[in-house]
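The next part holds the structures, each set out as structure tokens.
The following pair of complexes shares a single chain, chain A, combined with chain B in the former and chain C in the latter.
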Partner chain A sequence: MRHEGRVLAVLGVVLCAASAARPALGPRYGGELRIAVAEMPATLDPAAPRGTAERLLAFLVHEPVLGVDDDGRPRPGLAQSWSSAADGREWTLRLGPATFHDGSPLDSADAARSLRRFLRTGSTAAAHLARTLEGGDEFRGGGTGALPGLATPDETRIVLRFRAPMALPLAALASPAAAVVSSRGAGAGPFAPTTPVSARGLSAVAFGRHVRGRPFVDVVRLVAPGPDRGPGDPGGADVSASSPPLPPAAGTLMLVLDPGVPAFADGRTRALVAASVDRAQLVRRFLPGGEPADVLVSSLLLPPWPAAASPAPAGPASLSGRITLRVGSDVPASASQRVVAHLAALGAEVQATAVPAAVAATESGQARLVLWYPEVPEPGLALEELAAIADSREAREALAAADLERNADRRRAGLLRAEEALRASDILVPLARLPLRLGPRPGVHGLRATAAGILVVEDAWIEP
Partner chain B sequence: MDRAVSAGDESGRRGHGLRARLLVAFVLVAVPPLLLFAAFVVALVSERLERSARQRLGQGLEAVRTRVGALRRQADAAVTAIAAGELPAHAPSEEEASRAATVLGDRHGLPLLEIVDASGRVLSSRQWRAGTGLPERDRQVPGSPELRWETVEEGYGATERLAVVAVRPGMWAGAPVLVRGGFPIDAALVTELSDLMGAEVALRDTARRRWVARPGSPLAGSTEPPLDPGRGEGTVDLAGTEYRWAAAALGPAVWEVVAVPHTLMAEVTGGLRRLTLAVALAALLAALVTALVLSGRIAGPVRALAAQARGVAAGDLDHGRALDAPDEIGDLARAFASMTTELRTSRERLVQAERVAAWREMARRLAHELKNPIFPIQLSIETLRRALDQEGAQDAARFQALFRESSDTILDELRSLRAIVEEFSQFARMPPPRLAAVDLGEVVERVLALYRARAGAVRIEASLAPDLPPVSADRDLIGRALGNLVANALEAMPDGGTLSVRTRRADDGVAIEVADSGPGLTEEQRTRLFTPYYTTKKGGTGLGLAIVQGIVSDHGGRIQVESAPGQGTKFVLVLPRTETAIMAGEP
Partner chain C sequence: MRALAAMLLVAAAGAPAATLARLADTAAAEILRAADGRPVDLAPFEDRTGAGTVAADLQSLVAARLEGHLAAAGPGPHVTVSSSVAQAGARLVWSARVVDESGALVDLVSASTAWDPGLLPLVPGPGGAGAEAVDVLERATTPPIEGRIVALAFAGDERLLVLFDDALALYRRDGLALRLESRRELPGPLVPVRFPGGLLVATERESACWALTSRSPRAVLFSMEGSRLVPTHQADALPWPRAPAGVRFRPGTNLLDVALAGVEAPLLALEPDEGWVVGPEGTIARVAAPPGPGPSATPRRAGPAIALLWPGMLAAAGPEAPGEHDRILLLPDGENGTAGSLPVDGSVRALAARRHGRGALLAAAIEDARGGFRVGLFSLAERR
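Showing the complex of A and B:
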């Protein structure tokens, strides 16, 4: 009897050890990863992502020429190497062997065609690239089809010529909108879609000839909420909002106060609103997992100066009248309610209306509460995006100067000045920093999120 | 035939007049009472429906008051209990403080519970957690401490809901606070009450001009509330449907409003009105049919009786026959038939009597006319006999002279007798006219030529129209009639005068006027002028003008006389034109 007990104990220990050791055994191929999304994008075409779902899909089926690391420096994408010449004004990118999902080979002509398309999109990164590339503005404006700043000497090389030497000239190529697609619309990302995108979801299978190799999971399925399932209901998904969110907290919950609206035309009123929100309490009570945000760009991208005490706003102590607050659908409702409570406490009658995240991110007018992620996780481009939203000339000038600054410290100082200029206008009011509101269930490994809020699925694997 | 037709029409009109009157009488008797009854029924049903609607509205208002009162009492009890001893005695953690209202609200079934510190900051809120730590923003309804617009979280923001609340002071970790809790009287509540009452139930904040109504309620859609201060009920058109509403004050600025579609009542009353109209029309139709049948039965015998009367009036006494009707009309018809039979008998007796009288008159006239010549004949023969007996052949010469004188007298009287006989014979055997186209001017000239020699002191004037159309007449008979008139005129002027003969066109033919300047006729003479054997002349037979009238009548014409004493006499003969005369002369 005692002997049998020992045997059972040993077996139990062995089984527990084996179970605990499974993740440690490393990734394994196979399985289906179901990701619950609140809303589905309208199309799979490469574009600057404007909402959670678009960010999720950004690099699922598409691949850009280059990526950026957390410091904004290029990392390999379709281009495996790059070099500069002419004192940093000319850059040559060498494409690695790659194919599209439809089996056609990917060459420099495809990349050049995709970049030309990219330059004429509404992307902030595209505008930045066009401004710095030789003949880029003229090409982007549609005045000419010639683009002297872009050349393809052979099937593997792309040559970019810039107007001036720049600190990070290639960062804009990391935009999801700059992904390379074939002339027939096929992508080259880690997963090949097998169904058209629809309101019900999307299925994609692992692409064996992806430039970085085959992803681990066989199938990725994006599941949209059905009539019998709310957005918070995982419905058996492997990745959902009900699981612990994925770090980093890179999303900025931001109140956008349009100065064109009479209620916010006065900068002192905007300052009053910006100062009225108790960010710490907001995060503590209503945004678990978040961080208070005093600056616009995440410290992951742009570490701030030591915080200085902000002066108390002088001017009106209250708001009046009716304010319509358009809230992006990816903003937590509790956070929105708290902001509404703050505005109401100032005396305003607030009507909060939920709108799709993409709409909240782009449309102007009234007050908006948005969850903002940079299109490209590089501080200069991120601030340029914010400067476009705030329409701040001062910030744009500071950013233009910083772009040309190749000294990292001086560039950072310039970026911080731009950020301060943006924040001082109180048009963009940072409230909190949020992680991606999506997390894997236990047993799903390798899933990570970028500082741009993009879910990287290609390294994910499922524990059997 | 035409007269018969027109008489029939007239008879029909009279019959229809009676029938129409009978119809009108039937309709007037049958329809107005029915309409009055229908109006009474409609009014009664409308009144009952109105009363029912008022009761329903009143019950709805009472249900709202009852429900709100119950919620108020429930809130009062719960909040009193919470404030009295369920608030934390020691400072709770932020999390505990935040959850306190939710926990206490759950415990007491209060969906709304808020704890506010002395400075007006929300320490804990069940319905608006986002407001925790911030100044409260709820608004009390003016004049109603128990009614408030509470801020309640909804979606990405908040909404305001009317609530019935109770407020009690309490102590929160040793500090004075106000505990306010209650129940929303919101769309869910009014929806429940609306479903329960089968009516639109809503609340109206007149100060803030806001409705609390079920989703889709027509009341909420009305931009102008039906409430008229000082008026507790009425009707209003909401989204094209008429509603009957009633309202009562829940507070100085909050009204409870209950509305029911007026369509049901309108449908019922409308249906009743339509039914009544249909019944009235049916009754009208039935009355018309009945009236037609009955009036036909009543008016038929009357019409037949009237036809008989008209026949009798026209001289047809054979029409009088009894009708087979058992009622008063039958009695009348039988009496009329008896009267007609009596009339027929009387007429036959009268004709017989007239015939006898005529023969007597004839005999008297004959006797009178014959007696005049017979007496001179008798006297002459007696004179001759006496002369013969007294003187014989002794004085032959004297006897011869006497014989000649007497025989002359006898012959004269015999001629007179023959003339009388001839005239009677002519009158008795007046020949029918042989019609032919006759120029009356030529006839007049021929007659006047015969009499000009005998005119003596009488001046004859002729005025003949030159373009007279020919008439269809018997030349000889017309000449004889004209001759009689001319002879009469000349005899009327033994001492002279003027005889005027004139021809002219008349409306219905051709006229011949024979006028004398004689002594004229009295009224009696004029009226008896054409009576046979009536004469004003010594030795006249009284047949001349009768013959003239007969001739003119046989020609389809007419004769008129215009005369007054001392103003002469004028006869006017009017003969029809050719066509008419010929037709009239056809057998």
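Showing the complex of A and C:
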């Protein structure tokens, strides 16, 4: 009896352990929210985001068909309900009443057109969807315009037919690149842009007919750095890098080593680099709000497990030659200097080059230091992105097996195997987990960040 | 009052223990599958739930299920299982690494369990002080409930009505759990409201209740026929004492439009018995307030939920804009200050009270930072 009481007491603590509370009195409508961003994206078109501003824009002006919840299961977006048939091979999504920013009605033809566009983008989620959808690969390859796996029987229903039953076949639809736009380019997200995106910024107004209701603030302005405002200068912004960062710590600071270059061709050399960085000290001294990262995917996506410890490297004890390290613009400078120091201590001559975050994330180099967020906050898709970066056949095979596993627990075990296979090659070296480097000033409430590093503005409100 | 407290004091809480037992069953089966007949060495479970002993308790349950398969210390073929336990959303997740005697990986395994939505365990929390004039005899909280709660009401001593933004549910207290008896969707079409509000008025004598949310076009009268909720009538507005035109929600908001003597609409919250109201800025007022010590020098403020505990004592959500935690204020009539407060983890979104002599059972809907809702029950007694 005493033992059961202890179980209950502890469970009580677990269940009550909410990290932060929402405002008690409730939100207020009105006001203008100014968000200071370090760099602006080139376009408003839906795409897999590669930098902070792109992630911010992703769901500011656009809305996907579906989102994903903490377990990777669908949650409503433009589609309000879904059901499966044919033993899980066929899924029917039902759109709720919705309109685009320009007032035109949004129907299944718009969603289908947007999904067809999505399937031909460079998004990892799109590649995954194409691989699993009937006729998806052929369509993605451009060899045919036919896509038998996608149908629209009427104005509100979208039917997806998959090659095989899967655990989470719809997760890819939550990619920002899969957002629905009208034939004239209008979005359906919570804010409607009133100015084109430019180097100076962007303005958007609350969209009264958004599927989840009108956002609370009237206007959102993204303010880019200019002659009178440096990247660290909030310039009167309500949300900026000078405020305490917004949890959770979901971004992975990661070193990417190219095994194709002589310096890192030997796995033992990569293991030496991976073991050389003192993660706890890196976080403690240079990354406030961060956490040391021993695994590639944050615990928000894959619950913690007793992960394999990196074995002590048995091989070369030093690096030699010259290494070019490309550092993403969203990586804190102090952290990159520390990593350079670690590599130099191993004997390498390191030349660090700052590059835009999107370049660091997508273009290969001898070594890259990137702040990585998954395109979709679902562990299978996240690991698939990483497997693509590392070009790991073993991880891809483990992921393919996990994909077909419909038992959630066994699928999770398969994903753990894939993560360990990825990490074992020491091509991707996790260093730290970082919160979004933006935060609200006092008096601004309701902002939240997702596990994909997306700043969700639609529930934000400003104290009068 | 004792009966109410006793409901919360039942020592053996079957539901949470059963949840751990279910997880232990699955975990043990996975371990045996991976061990493939080899003896098992069970390393101490790592607790990543943020609490102290869930892992140790689960380990005891798993070990009991592996009896006869556990390895004696020493050499020889065996597998070693290193486990960790974490909370992911409303699920408890166990994951483990199984290695052989040489340390080579045999398998990675995982199991998880969720709460049964039809039987929500009431997990006891600390009771005790927190109020000058009120004793907190017991308190208990459910795990997160699917859906967004906008109002609560008791229907008798044992039953709780939970109004979601799209449905009405009837729960019965069953030992240390809430058992779902009936759930009915609200008639549509439901309109999207970013921060919806709701109002429930239960009428015990008639075994019925009126329900209205800011998402639904009309108020609905539900009758409680045995354990079933049956919609019987609809109206343009929710009937309300002293308000001939009833109550409506201001479209797209959680604000209430109602014509009451001496009170300016819109309102955040209403209480039917003594006529307490909360204005849009959180100021508490009373409809046609009876003569008393006079108006408060400083208006008292509250959040968007109030409930009358017993005559002259109001429970209200805290008025503070954001903080780590919310609190339930205990506000005596005719005084300026509070009689204390009950801290809660999350924001109080709805309150309901069931009077019982000079005590009460208070139910609170609490929203956490991730948007999950739990129901907390407090057994309160007036301090003499």
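Assume the second predicted complex is superposed on the first by the 436 of 464 C-alpha atoms of A that agree within 3 Å, B and C clash if a C-alpha of one lies under 4 Å from a C-alpha of the other, contacts with A are read in each partner's own complex, and residues count from 1 in each chain.
Following the convention adopted for this analysis, a residue touches a chain if its C-beta (ideal position, glycine included) is under 8 Å from a C-beta of that chain, and two chains touch if they have at least 3 such contacts.
In this text, all values refer to a predicted model and were calculated from it rather than measured experimentally.
*Asks:* Tell me which partner A:Ala344 touches in the superposition: chain B (first), chain C (second), both or neither.
*Replies:* In the superposition, A:Ala344 contacts chain B only.
*Asks:* Please indicate which partner A:Leu325 is in contact with in the superposed arrangement: first for chain B, second for chain C, both, or neither.
*Replies:* first
*Asks:* Which chain, chain B or chain C, ends up touching more residues of chain A in the combined arrangement?
*Replies:* Of chain B and chain C, the partner in contact with more residues of chain A is C.
*Asks:* Which partner chains sit in contact with A:Glu463 here, chain B, chain C, both or neither? Use first/second/both/neither.
*Replies:* After superposing on A, A:Glu463 lies in contact with chain C but is clear of chain B.
*Asks:* Look at A:Arg285 in the shared chain and tell me whether it touches chain B only, chain C only, both, or neither; answer first, second, both or neither.
*Replies:* first
*Asks:* Pick one for A:Pro27: touches chain B only (first), chain C only (second), both, or neither.
*Replies:* second
*Asks:* So, does A:Ala413 touch the first partner chain B, the second partner chain C, both, or neither?
*Replies:* The second partner, chain C, only.
*Asks:* Mind sorting out which residues of chain A both chain B and chain C touch, each in its own complex?
*Replies:* none
*Asks:* Using the touch definition up top, name the residues of chain C that touch chain A in the complex.
*Replies:* It is residues 11-13, 16-17, 20, 26, 30, 46, 48-54, 57, 60, 82-84, 86-89, 91, 93, 95-97, 105, 107-112, 121, 123-125, 141-144, 192-195, 252-254, 268, 282, 303-304, 317-326, 345-348, 367-370, 374 of chain C that touch chain A.
*Asks:* Would you tell me which residues of chain A are touching chain B in their complex?
*Replies:* Against chain B, the touching part of chain A is residues 278, 281, 284-286, 325, 327, 331, 333-334, 336-338, 340-342, 344-345, 350-354, 369.
*Asks:* Name, in rising order, each residue of chain A that touches chain C in their complex.
*Replies:* These residues of chain A touch chain C: 1, 3-27, 29, 69-71, 210-216, 299, 303-308, 408-410, 412-413, 416-417, 420, 445, 458-459, 463.
*Asks:* Touching residues of chain B toward chain A in the complex: what are they?
*Replies:* 94, 98, 128-135, 137, 151, 153, 155-158
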